[in-house]
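Please go over the structures that come below.
Paired with chain B in one complex and with chain C in the other, chain A is shared by the two complexes that follow.
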Partner chain A sequence: MQASKPCIATLIAVLSPALLFGGTISGKVTYTGTPAKQKVIDMSKEPSCAKQHATPVMTEGVVTGPNNALANVVVYISAGGDDPNPPAQAVTFTQKGCQYGPHVLAMHTGQELDVVNADQTSHNIHPLAKVNREWNKSQPPGTPPLKDKWDQPEVIEVKCNIHPWMHGWFVVLKTNHYSVSGENGSFTLPNLPPGKYTITAWHEPDGKQTQDVTITGNETKTVDFSFALKPY
Partner chain B sequence: MKILRSMQWLGVMAVVSLAAAVGGWAQDAPDVGPHPPAPEKKMTSHIGDLVGHSENAKSDYRRYCAGCHGDLGDGNGENAVWLDPKPRDFTAAIFKCRSTLTGTLPLDEDLFNTIGRGLTNSNMPIWNVFSRQQKADLVAYIKTFSPRWDKEKPGDPIGIPAEPPVTIESISHGKYLFTKLECWKCHGPQGKGDGPSAATLTDSKDQPIRPYNFAAGQDDSRFKCGSTNRDIFKIFMTGVDGTPMPSFADVIKPADAWDLVHFLRTLQVHRHSPENEVLKAAGGKIPDYVEKPAEAPASQPGGGN
Partner chain C sequence: MGGKIFAVIVIVIALLSAVPIINHTFMGANVAPPEDISTHGASIDKQLDETMLEAGLSFLAAQLVLGFFVWQFGGRKDGAIKNFPGGAKYLVIAAVLLVGLEAIALGAIGTKAWATVYFQAPGADAMPIQVQAGQFAFYFRYPGPDGKFGQLHPEKIDEGNANYFGLDPENDVAARDDVTSGELVVPVNKEIHLLMHAKDVGHSFYVRELRIQQDFVPGLDLALHFTATKVGKYEIVCTQLCGLGHYNMKAYLSVMTQDDFDKWLKTQDQ
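Right after this comes the complex of A and B.
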């Protein structure tokens, strides 16, 4: 917002989208119980990656943060917020230090996915899709990003066969309203028109919870999720 | 008398717990059918001028195929528990041996050829009992198991340029590619299937799987998907779907792919082949590839970082 004197028209023009699509659903994802212990990854068979890590690298099956925060949870609108159109912008999945970044990548059906190899070693990208087509492509270092897209909504496990510890997820959705929780567990779904929504929180490999929320104007509704984790 | 009574009790308890254990075990076993008949889809197949019809293959499938592949085509026939690799699950419509790109459906001809050729190093036999028409009908029947065949067309077959002559330069370039593309990570520097990543490989159903061992055969040359140079070309340019073997179509130019094929033939050390003859004539040693100035230097296999 400009500090100088905007004319009323500009003010209305700037504010009206917020007035029309101002609703926000946000909150935190936390866990109860004991999360499964993560293991140290042995990268000794791939020295070019091992040397990129000063401290031991852990598996990412469960990533938690302070105050029982749960990361890598995809919170999205599962009803009431479908959008037939993917964004024009691509999403990027990067292989660096023989790890996938991000570990969980959410995207819309039909949205371009760019897979980047930022390592000195070849990787193969093997999305184990069951609803979409499963494919498997080699990506040597220094080659351009692989581009693809998914037609159907699905939670797809991704792995590299050459480096068996590499494990990630593509969460392909019909909506553009999604948010992946970080290590503070928080998520936010802004720009929601008034309406009744069902939001779903997904945690790997198959944890799912839903809640119903109604947005009437441009308020912010707080919705929290809590996953009961087991140590095994 | 008392001892006999307590022995009788022990006997009863043993039988009851054994029955419970067996019953529990039987409940965990896969459901191998036969299942109640499902509504039949009609599919057709086209191989050259041959047209196959699924309804004509039903009894052949039940007699010859269902024992491994299951009457629902999901790879859970009653033999499947004893087999490694597992029989193909047709409901997933993922096939190893194709002329089409990774992630796409095979041509009808690819399935037709697989039935006739069998799959080496597996329990899939060479089905030389079938006529061409029977095989075409079976291909159509296989297509009834997955809805993918309704929704998608098979991929386009990959372009395969004419094979250049086998020369030591071609073999040398092939070795350079084998090293640069890190095939040795799984296949090992001599292609024996003993690379650093080989021991942890699993297929898409999480079953352990081993990479192809080029040095294993004697004078034969069968691969999973055929035995000719053209078949090898297709294997790494289309990937072996459902397995760790990826497609290299995005990273190898088709002309260069033939050089890799020629090198791979020299890894089949026991086989009499034109490639091994050329290698022998060159003194048995593959010279280092002389790259064009723009490319990175070749490194020896096994020493890559």
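Right after this comes the complex of A and C.
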């Protein structure tokens, strides 16, 4: 019985878009101007982490790709596409090589969040929540993942109380329709029923941009976002 | 008889206790402090040796006097107590003066060692390096080619983007070429003027090979100067309990030749 549940879930996931929802919003996030230079992170004080990196580790405040693509932008439906329930699948936030992976993690309110320590050193993860309850938890090496969830939608900055350079973000949403742009800047929001939507793109140093999109039937609409970056 | 046995025990304990204290000065490598790589360290080591020797001998002398009195008078059963000639008042005054003079003498002699680090100004060509202690890492800043440090703006501290000091390169030209590092890299045989401040709570800067230990006090700008005389890598540790990650608060001191240092500085981000 247990084993068949994922199968059914997969079946529904595969079939439902084809049967029910055909709309897709996709596009690309780009930048204009000069992005801030990524800086080398000096983690010499934590040799067990430093030796995991063959090349210098860079700050991830602004990560860009070819053709002015902008990574780590969360694109999501902020109006018209709320989902009452979180997915059953947990999202994972990993501390490895004294870095957070992924740098930006989006999730649904109430969705299980697993925080993994893959390092040989202790971490103390500290999400600086303002709307949700703020906490920090120590995690020695070898301990099982910390489990938590967020009740309210919020963009939460995350830091490590032991390693000052560690930095990441939780983007907690009311919708399951979200996408985080990769180094090619592209994103896709599939499986959308017909309707009017507000699409929001959030980028760490620049805040939010929104656009309104209407989906009728089985179409794919293209929505692009552009952020103006400053070198400092 | 009981008094004599007790006196012997007192003297044996005194001799055994004094051995390691006095031997601190003479036993050499067994109890010697770690290698000294600073120009001022020798005077501090010498001062420590003298203090230990003097304290050890004083301790031994006092215990022997105690043992003598126990031997001489410990077995008496008649219960009569004789007063010290002239009363105890003058004896107490004499003891206070003696101990006080000893402490003052040690302080006066020790000031020579202390003053080389704290009272003398650094030389005019000393290299300024700033160190900021914060929970739970040290960061170091070099002024860059312009020789000027950019201003600090605590509200601009952004550790996720490597702005540990709160620089404002957008508006502050002097800050643009500042080099920040998690490692204290210095050229050998060059005087370093270390400018210290704390970002949050009290910390301490301790390098045993440099014979330097200095607290950071939030709100105070403190300074040190030293010259490292041996190429190598040494540990800098925080020796002031500063919170959860105190055990993990450390950095490394790399002493390099001038050439290696110049190369290192060029490879650093600005």
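Just so we're on the same page, the second predicted complex is superposed on the first by the 212 of 232 C-alpha atoms of A that agree within 3 Å, B and C clash if a C-alpha of one lies under 4 Å from a C-alpha of the other, contacts with A are read in each partner's own complex, and residues count from 1 in each chain.
In this section, a contact is a pair of C-beta atoms (placed from the backbone, for glycine too) under 8 Å apart; a residue touches a chain by one contact, two chains touch by 3 or more.
Treat the numbers as computed from the prediction; the structure is a model and nothing was measured.
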Fit-or-clash call for chain B and chain C when the two complexes are aligned on chain A: clash
Chain B versus chain C as contact partner of A:208, first or second or both or neither: neither
First (chain B), second (chain C), both or neither touched by A:42: second
Touching partner for A:232 - first (chain B), second (chain C), both, neither: second
Which of chain B and chain C A:53 touches, first, second, both or neither: neither
Contacts of A:96 with chain B and chain C, given as first, second, both or neither: neither
Touching partner for A:122 - first (chain B), second (chain C), both, neither: both
Which superposed partner A:196 touches (first chain B, second chain C, both, neither): neither
Which of chain B and chain C A:167 touches, first, second, both or neither: second
Contacts of A:61 with chain B and chain C, given as first, second, both or neither: second
Overlapping segment of chain C (options 218-226, 236-244 or 254-262) - the one that collides with chain B in the superposed model: 236-244
Common interface positions of chain A, toward chain B and toward chain C: 45-46, 121-122, 124, 138, 161-164
List of chain B residues in touch with chain A within their complex: 92, 94, 101-104, 180-182, 185-186, 196-197, 200-202, 204, 239, 241-251, 304-305
In the complex, chain C residues that touch chain A: 134-138, 158-162, 164, 168-170, 180-183, 244-245, 248-252, 269
Touching residues on chain A, where the partner in the complex is chain C: 36-37, 39-46, 59-61, 121-122, 124, 138, 157, 159, 161-167, 230, 232
Complex contacts: residues of chain A adjacent to chain B: 45-48, 120-122, 124-126, 128, 130, 133-140, 143, 146, 161-164
